[in-house]
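By written order: A, B, C, D and E. Residues from 1 in each chain.
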């Protein structure tokens, strides 16, 4: 419970600070509010169906990242379970590494 | 005290879950869902499941980041600049949702729930570790294979270069109504939105 | 004067430089040595330093950058005379002491009238139509790289963009951060021969690579101590006939040699990611880039 | 009572550490042939930013624009809370400390993304997405490094990790750990080679549209995150509060300052490559390196 | 008492998630509904494990499995959306009807 209260306290304090600081504000004119493009102007709003170039990587990433869920408890019992723990996690990671190698071969770890 | 906090967190989880379908901006919707997950994680921490609780926060922060990226990629008007509701069979869905919640709630209230809390001194994390390496070893390794299949499936489905040529050959966007012009595409020729005539000066 | 203002007056003056014709080398040298802070965008600045002649066609762009400096602000002109550092510091102290500064130059009009129009008074109609809050929304279109047809964002960048050579106005269409179309609307300003100094050219690249410290040292005549600067530039980026690629041109500039012509550099930009494009443009000398731009503009 | 004391210690560590980090930033040019500034310079720059007004961009996501720097700061404070200031005296005494810190790392990506998303302007948007692309895979080496440190401690809590270093520090028995973790720190604090959010080629990226107090808070939060990251690194690799003669907190402060100096020095002298190449490097070079690191640490821990 | 609150909360989350999954036209929003339902399931598992099952380790494992299901669902779901969009630029469940033609 102390964990939650501490984190809630930090969050509340930081949010209060952020809100207090955002009160000092000038009235912004329309040309001033326009996005900065070095003097240029945009045709449209910047918010768009943004073509994120690493999208396949993120899909592979969330599958791979699940392995962390298993690794944390594994780390705690690693020493007491010894070689067995090593072997099982070795196998698990080898299986997942195949997926990474496949992704690399398909070229997903760069801007598409 | 713990009960009061749990009530607060449950209410917050439900409220943020509800906001997901009520806000216009996809980014707000996604991170509202993330807040819902975070409060479930916080309940876990309160109910002596520190590992599961905190790991929920960890995993969901990452997953919701990815989800937000995809929400913005594929939703029209992702930032909700024009307020909108994109729903179908709305009444039916509300009825189904309310019925499901009421039914489950009634089931909870009518059942006598067993009381057998986690003993105070258990080290739940190492319990889980021993479980993973011992009795549930097969589940653990099966999860590995499933994740591998997911990784390969995701790459195969989403990347352009396929074994059978480019995946987008001969594609044409469908209309918002059957047979209509491609949705969300800049209309060609006259009669469109004339975006290019609306520029203000400066070029 | 409050204690906060007195403390602030001692800070290096935050200046956004607007570089006109013939002023590039002297502005770059000024910021490499003076106790000034070169702001990356006018939002972070309080002073606008206009140096060199700005053509009439770019007057409105200049006014826009001027207005984008938050009020209170001051604009200063510099024609290469001595004592500019003092003038800037004086102006900064005046602002800290509570001066009102310059007024806005452009009329306060939204890009398109929107208030009170549309379905919810936000100026838009339906899902994607209209001009919500004064601007239309982006629409989908062809992609040059992976064929996923998502929104195209078109904007004119420059003539005073910090990552592009001064004077250059590009009309770029981006999908994500990849350039799918690019037109040169206006070539870079003519600069004195001094602007082609290999040290200045290499310093521009170093700045884009996130190394302002070594860049300043290079301009002051020292050697650049940086790790991996050459290898950070992708091989084959901005490859030109007879002039190698950006990595090679950067290495040459570090050795004190100038590259040759840059014809065709603008054709290589299509399909590049934005930071790659900025690096490619910075890797050629200003005079060569101007020649190349005059040919396509 | 102890809690109140720890809260105060933490808050002042963050504040003083942020000032120190900002001063290191102004001393770093010395290493690369530039000129340094005095210890007052960070305060002056902070005052200058606070005096300037805030401006609002066109149709922004107002709530997120205001709160994003606050989230970042809160995450820095929450992350520092799991670090023990003396053996067994952390503000958050939990059996899963490294998972709490991992959550702070993951949420930092969200905070930076929101900061770039909210102004509705192109350069901040590009910065936000680049950061998401780089920040997500950086989580992997980070987790591998922390899990490797948890192996000899047989626990996920930082207190136990400190205890496991009584004999020998982790930097000696897990030499690959600190360099890998330093990359994580550079990413978390948007610095040098990993500063894909606030880069120069996008005019300052997610903070390109920031001015005034919002900008000051964002930069302050970056520095606070530098303090938290350095404290976590000092705890994981340098034995945290362990040390002869001096009391625990003092040792932690000294070690934290050392890691801060190292991070700042690397941040000012290493070039940043393009995001696409960095993505490849992360998966193809750093991830295998973390595998190797985990394997070596595991064999040594047995 | 605590368990009842937690389970009622889980029921509410599942109900809201069901509403979202049924009513949203867009694939991605539909997935949000599914995630919300899984969130409710997760909450119920945590509550039951902690207060009614005496902390048997399988309960924690089940929670991890639920999270793995979420990851798999998201990964494959978004990959499918990309594949479909590439083919037809459709992002709505109804627009998929035209795929038959």
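Assume a residue touches a chain if its C-beta (ideal position, glycine included) is under 8 Å from a C-beta of that chain, and two chains touch if they have at least 3 such contacts.
Given the structure is predicted, the values throughout are model-derived calculations rather than measurements.
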In contact with subunit A and subunit D alike are the chains B, C
Determine which of the two chain pairs, A-B or B-D, is joined by the larger number of C-beta pairs in contact. A-B
Can you tell me which chain lies farthest from subunit E, using the average of the Cα atoms as each chain's centre? C
Quick one: most central chain, C-alpha centroids? A
Sort the other chains by how far their Cα centres are from that of subunit A and give me the top one. C
Whole-Å gap between the CA centroids of subunit C and subunit D: 29
Rounded to the nearest whole Å, what is the centre-to-centre distance of subunit D and subunit E, using the mean of the C-alpha atoms as each centre? 33
Approximately how many whole Å separate the CA-defined centres of subunit B and subunit C? 39
How big is the gap, in whole Å, between where the Cα atoms of subunit A centre and where those of subunit E centre? 20
Multi-chain contacts in subunit E: which residues touch at least two other chains? 64, 67-68, 71-72, 74-75, 78-79, 82, 85-86, 89
Junction residues of subunit A - those touching two or more other chains: 3, 26, 30, 32, 34, 36-53, 55-56, 58-66, 68-70, 72, 75-78, 80, 100, 103, 111-112
Shared-interface residues of subunit B (touching two or more other chains) are 2, 50-51, 55, 58-59, 62-63, 66, 69-70, 73-76, 79, 81, 86, 125, 128, 130, 132, 143, 147, 150-151, 154-155, 158, 160, 167-168, 173, 184-185, 195, 199-200, 202-203
So which chains actually touch one another? I want all the pairs, not just one. A-B, A-C, A-D, A-E, B-C, B-D, B-E, C-D, C-E
As the complex stands, subunit B meets subunit E at residues 2-3, 6-7, 10-11, 13-14, 17-18, 20-21, 26, 29-30, 33, 36-37, 40, 43-44, 47-49, 51-53, 55-56, 59, 63, 66-67, 70-71, 74-76, 86-90, 92-94, 96-105, 108-109, 113-119, 122, 124, 127-128, 130-132, 136, 139, 143, 146-147, 150-151, 153-158, 160, 167-168, 171-176, 178, 182-185
Sort out for me which residues of subunit C touch subunit D in the complex. 4-5, 7-8, 10-12, 14, 37, 40-41, 43-44, 46, 70-71, 96, 132-135, 153, 155, 161-163, 174, 176-177, 206-214, 216-217, 222-229, 231-234, 273-276, 278-279
Partner subunit D, residues of subunit B touching it in the complex: 25, 27-28, 31, 34, 50-51, 54-55, 57-58, 61-62, 64-66, 68-69, 79, 81, 123, 125
Contacts from subunit A onto subunit E in the complex sit at residues 55-56, 59-60, 62-63, 65-66, 69-70
Give the list of subunit C residues in touch with subunit B in this complex. 60-61, 64, 109, 111-112, 118-120, 122, 124-133, 136-137, 139-141, 146-150, 156, 169, 171, 185
